[in-house]
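Following this line, the structures themselves.
Shared chain: chain A. Partners: chain B in the first complex, chain C in the second.
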Partner chain A sequence: MLVKLSDISIRNKLVLMQMFTSVLVLSIVFAVFVITDINSYKERKVKSVKSIAQVVGTNSISTLQFQDEDAAKEILSELHNVAPEIINAAILDKNGNLFASYNRPGSDTFIIPSNKNVGSSTFHDHSLLVNNPIVNENEIIGNVFLNVELNELQQIKKSKYEITAVLLIVALGFSFLIGAAVQPYISKRLLRLLKTMNEVTESGDYSKKISDDGKDEISVLIKVYNNLMLQVRKNQQKKDEFIGIASHEFKTPLTSIKGYLDLLDLMENDEGKKQLVGKAQRNVNKLEVLIKDLLDVSKIQSGQLELNMQRFNIDELIKETIAAFQMLSPTHHLILKNTSGEAFVYADKQRIEQVLINLLSNAIKYSPGEKEVIISYEKNDTDMIIKITDFGIGIAEEERLNIFERFYRTKDISVHISGFGLGLYICRDIIKRHNGKIWVETQGKGSSFYFTLPLKTKEPVLQQKV
Partner chain B sequence: MLLKRFLFFVMIAFLSGTASAQNIEAEANLKAVFIYNFTKYVEWDTNNGDFVIGVIGQSSVTSALNIIARNNTVKNKKIVIKVFNKPEDIEYCNILFIPKNSFSLSSILEKTGKGTLTVSEENGYAKKGTAFNFVIVNNKLKFEANLKALYLADLKAGSQLLKLGIIVD
Partner chain C sequence: MKKILVVDDDLDILTLVKLALTMNGFTVEAISRWEEVNNSLINFGPDLVLLDVSLNGADGRDICRKIKETDNTKHIPVILFSANANMSSFVHDCHAESFIAKPFELSHLLGTINTYTYKQN
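This part shows the complex of A and B:
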């Protein structure tokens, strides 16, 4: 098959089916009509020609009896006026010898066919040959042959075919229109389902329900889809609940472990033991960061993340953060460029610090070796734009949209970085709630993360479930 | 030489003689068939008994008629061939055939009454009062028809027949 049936859209399939069925049915009907019509025409023609032959035969009985060929010829020549469609005519005597014949002016002489079945009629391409017996007193005394032109049949055939073709085309058009008019009842709903599914896939919002009050298979499909989405939502909810409970439950013992470690650190004087305690402290800190992230995500999910808005100088905040980082990772140079010293924004200072820490730690993580990380900011009429640029491995094109998703971690297996993949998700949420934007650009080596914060007081986005 | 020429003439004469003899027989047969076919188109008033065809004097047609009479009927009636030697002997018959060179026509016609179809084979006889008269036209056997004679004989001839005949009166 040239085109696979499954490659044709349901819309077109429906229309095609409709058209194919109607054309098939109509073709059969028309074929039957045309055939019966042509056959009945032929029957009528044979009857009428036979009746002419009968008349000719009866009239020529006496000519045969008295062997008057001239009179017979005269009778035959009368046919010219009576039935101009007769091309040839012949009378044979009872021995099968030609008695008299007639050829329409301008036509070829008649060759008596060898098949002399009395009473037969034979259709040729353009003519009908009738052989009728001449009966006198129950005795066959000769035959009449009439060869009749069938131009009319050709015309009838032609006109029938033309009418059929026209009707078929009209029917094709109508069935297309009907098909096109009916197909939305099926395909439109399917396409709507498809559209919603695509939207859900893109947005991750599984709460969308499709309403459909039908009772057919498509309605069932839509119902099944709705149920499926309900289940997905339930599972997600359970997962979110689990994350929330788990991170809470993790946090309490961790806090006490951390406190005891701090105490131990203070109490211990032995350098060797102090080192071990230090290691334990660093790992507990890492764990604390992870659990804090999880808690934040849980808060974001449940809509409990609150912003403490205040006016502060982001220049100072950036400098503080750089200083803190410089202590932790002396291998990288964090450089603040284009600083004007004063850059006031209206935001939650702690949360913005969290964003900065996240972005900077990412920049360091993804640019292994001694590299620079450049931080700069500038403001336009409404926003402060903060830019953090690293010269690391960069981000592949197809990953750029996904990196802000929950639990997303790079597919690049050459880079093994620990973590849940929650940092950027939290950053995006925080910036969103500040009415800001966050995005990433990649030029050649490394990547640049941008985020904006409004300069003027703006109501933070209301707490909402995402 | 003379003998040779003589023999040649004899041969020609002989051959033409046989040929004409054959022609005469064929003509007689055809005439008999025609006479028989006349019966299919001429209506006689009801008369019972056999269908009688009479012949005056000697004629080669008689034997041909006898053969037909043996194998055919006219309207389911037996055909009987009667030969009359002279006009005085003539009795009622459905058809009376008057061969060439027989008795004078008037004497024969005197004896024929209503219901008898007279058929002759002498040029001009139809004009003289016989109903049908055989003639040769273009080497083919035809017949003349005298409608008056038919009328006088109280006979009706079908148009299919009359259209083939040469109408003389």
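This part shows the complex of A and C:
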């Protein structure tokens, strides 16, 4: 099976590369050495066999001249003592007819090869065949065939291959060790960079610097990362300043408007005028919510949303929130079911109230007409689960995941709802910061929003500082 | 009649708070310059100080600390108010009694002030 190279970790790639390269280089080097070694052995062998053939030839000149086959045979049989590796030997006359032959005891009869190239030498699997001319006074009067056993060559080949194999295995082992020793300097630093980047992304704390005093590409990468983070921090600082200024600049005139409207409302007795003031007040409140939402989103994004954790009774908070809503929108019936009176959680009370307000106002907004909204909570071993169910228009399957995104508004054009689409995004962040979960379920008509808050059995360590 | 010293560099808010408190039976001295705080503390002798955090040229938290560190004034309750809701976490540090985020409901402002002036009795 083909493995995608990019799927292999850099750590393994480095080791593999190291091993592959050393094996390749060593294989080439060994091949060259083995081939030249064997070739030079062959050359030497041919030379020595030819010199034997020369001697045999010179000694046989007279036997050929006098057609003394017995003498020729005797010369050949001498080979048994001189060169025991010779299996077969033969002397041919100038017509190519066999004059005398010799077979080493225990070996097969020699068959004169058809190729009678004088002066040639041919290597077979286990033997070397030499055909040497017998020259007398510049005239070829016959030739000598010598068939030599080459067990030695096989042995040399075998031992060379063995040495090569052993050395390759040793080299493979060393290259693995070297690769494993070197790779931390590359992959470990990369992995550290990766880990820091992940941590930074999750925590939003961009002040983490990585120290690295090397000079290679990874050091450059780390330097670039550090510079980038510095840039991010600078931008974040600017943004923080902006949030600070914006909160002040938006909220100060809003405070005046809101306050004077409240004052007008208190001082005015004319019902008609009071109604007009009421309209203005409602819109100022809307504006206030929008500004708060926008600032909250800015805070979330720059990791500035802080929690004031405290232990409080969420049953009470739900009841208070319901009471406030009942005053504002008396058309809907907000019902708290399965109340046990006491349900303590450890959380930021104001932020959880914000989540409840968001979810309840959504439930009311998206279930026009006089409908019920049901709130309930239950405890399991680790979490408090709060559920808010409405019987309104519900949420389309494909929208269910998107509704928690920033600036997401329903695609359903039959619904005209005001707002930026930030409420659920803020809710999700608040709940996430509490290590809780938030999700929505739809059952035909209406939808149920759930959120969880982890229960703490321990007494709260922090008290709200107000 | 309880005396309230209000310090805020935004004149409209200053007037608003002064009106609302006066209507509810308080005697109010409203100043926009932090430099005058000391003077007012001595001459006006407030029962409670309502102090903006971001004043022009000064930090309300520092002024609050000073009030709480001075023997003659440390008994006076101080309520900080600010458009920056994060400031609520600094209330403890500068020994203020309470914090109100801007924009506020007048009823909430009055309620808080009533609580702390009532406590004094």
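To be clear about the criterion, the second predicted complex is superposed on the first by the 274 of 466 C-alpha atoms of A that agree within 3 Å, B and C clash if a C-alpha of one lies under 4 Å from a C-alpha of the other, contacts with A are read in each partner's own complex, and residues count from 1 in each chain.
Everything below uses one rule, namely that a residue touches a chain if its C-beta (ideal position, glycine included) is under 8 Å from a C-beta of that chain, and two chains touch if they have at least 3 such contacts.
Source: prediction; values computed, not measured.
Colleague: So in the superposed three-chain picture, is A:T255 touching just chain B, just chain C, both, or none of them (first/second/both/neither)?
Modeller: second
Colleague: Touch check for A:L221: first (chain B), second (chain C), both, or neither?
Modeller: neither
Colleague: A:A180 in the overlay: touching chain B, chain C, both, or neither? Say first, second, both or neither.
Modeller: neither
Colleague: Could you say whether A:I61 touches chain B, chain C, both of them, or neither, answering first, second, both or neither?
Modeller: So A:I61 only meets chain B here.
Colleague: Of chain B and chain C, which one touches more of chain A's residues?
Modeller: Counted on chain A, the partner with more touching residues turns out to be C.
Colleague: Which holds for A:S247: it touches chain B only (first), chain C only (second), both, or neither?
Modeller: second
Colleague: Between chain B (first) and chain C (second), which, if any, makes contact with A:V34: first, second, both or neither?
Modeller: It touches nothing on chain B or chain C.
Colleague: Could you look at A:L455 and tell me whether it touches chain B, chain C, both or neither (first, second, both, neither)?
Modeller: Touch partners of A:L455: none, neither chain B nor chain C.
Colleague: Which partner chains sit in contact with A:V135 here, chain B, chain C, both or neither? Use first/second/both/neither.
Modeller: A:V135 sits against neither chain B nor chain C.
Colleague: What residues of chain A sit close enough to touch chain C in their complex?
Modeller: By the definition above, chain A touches chain C via 244, 247-248, 250-260, 262-263, 266-267, 288, 304, 306, 308, 465-466.
Colleague: If you look only at chain B, which of its residues touch chain A in the complex?
Modeller: Touch residues, chain B against chain A: 30, 33-34, 37, 40-41, 140-143, 158, 160-161, 163-164.
Colleague: For a test of understanding, state which residues of chain C touch chain A in their complex under the given definition.
Modeller: 10, 12-13, 16-17, 19-20, 23, 54, 83-86, 88-89, 91-92, 98-99, 102-107
Colleague: Touching residues of chain A toward chain B in the complex: what are they?
Modeller: Counting only chain A, the residues touching chain B are 59, 61-63, 65-68, 71, 136-137.
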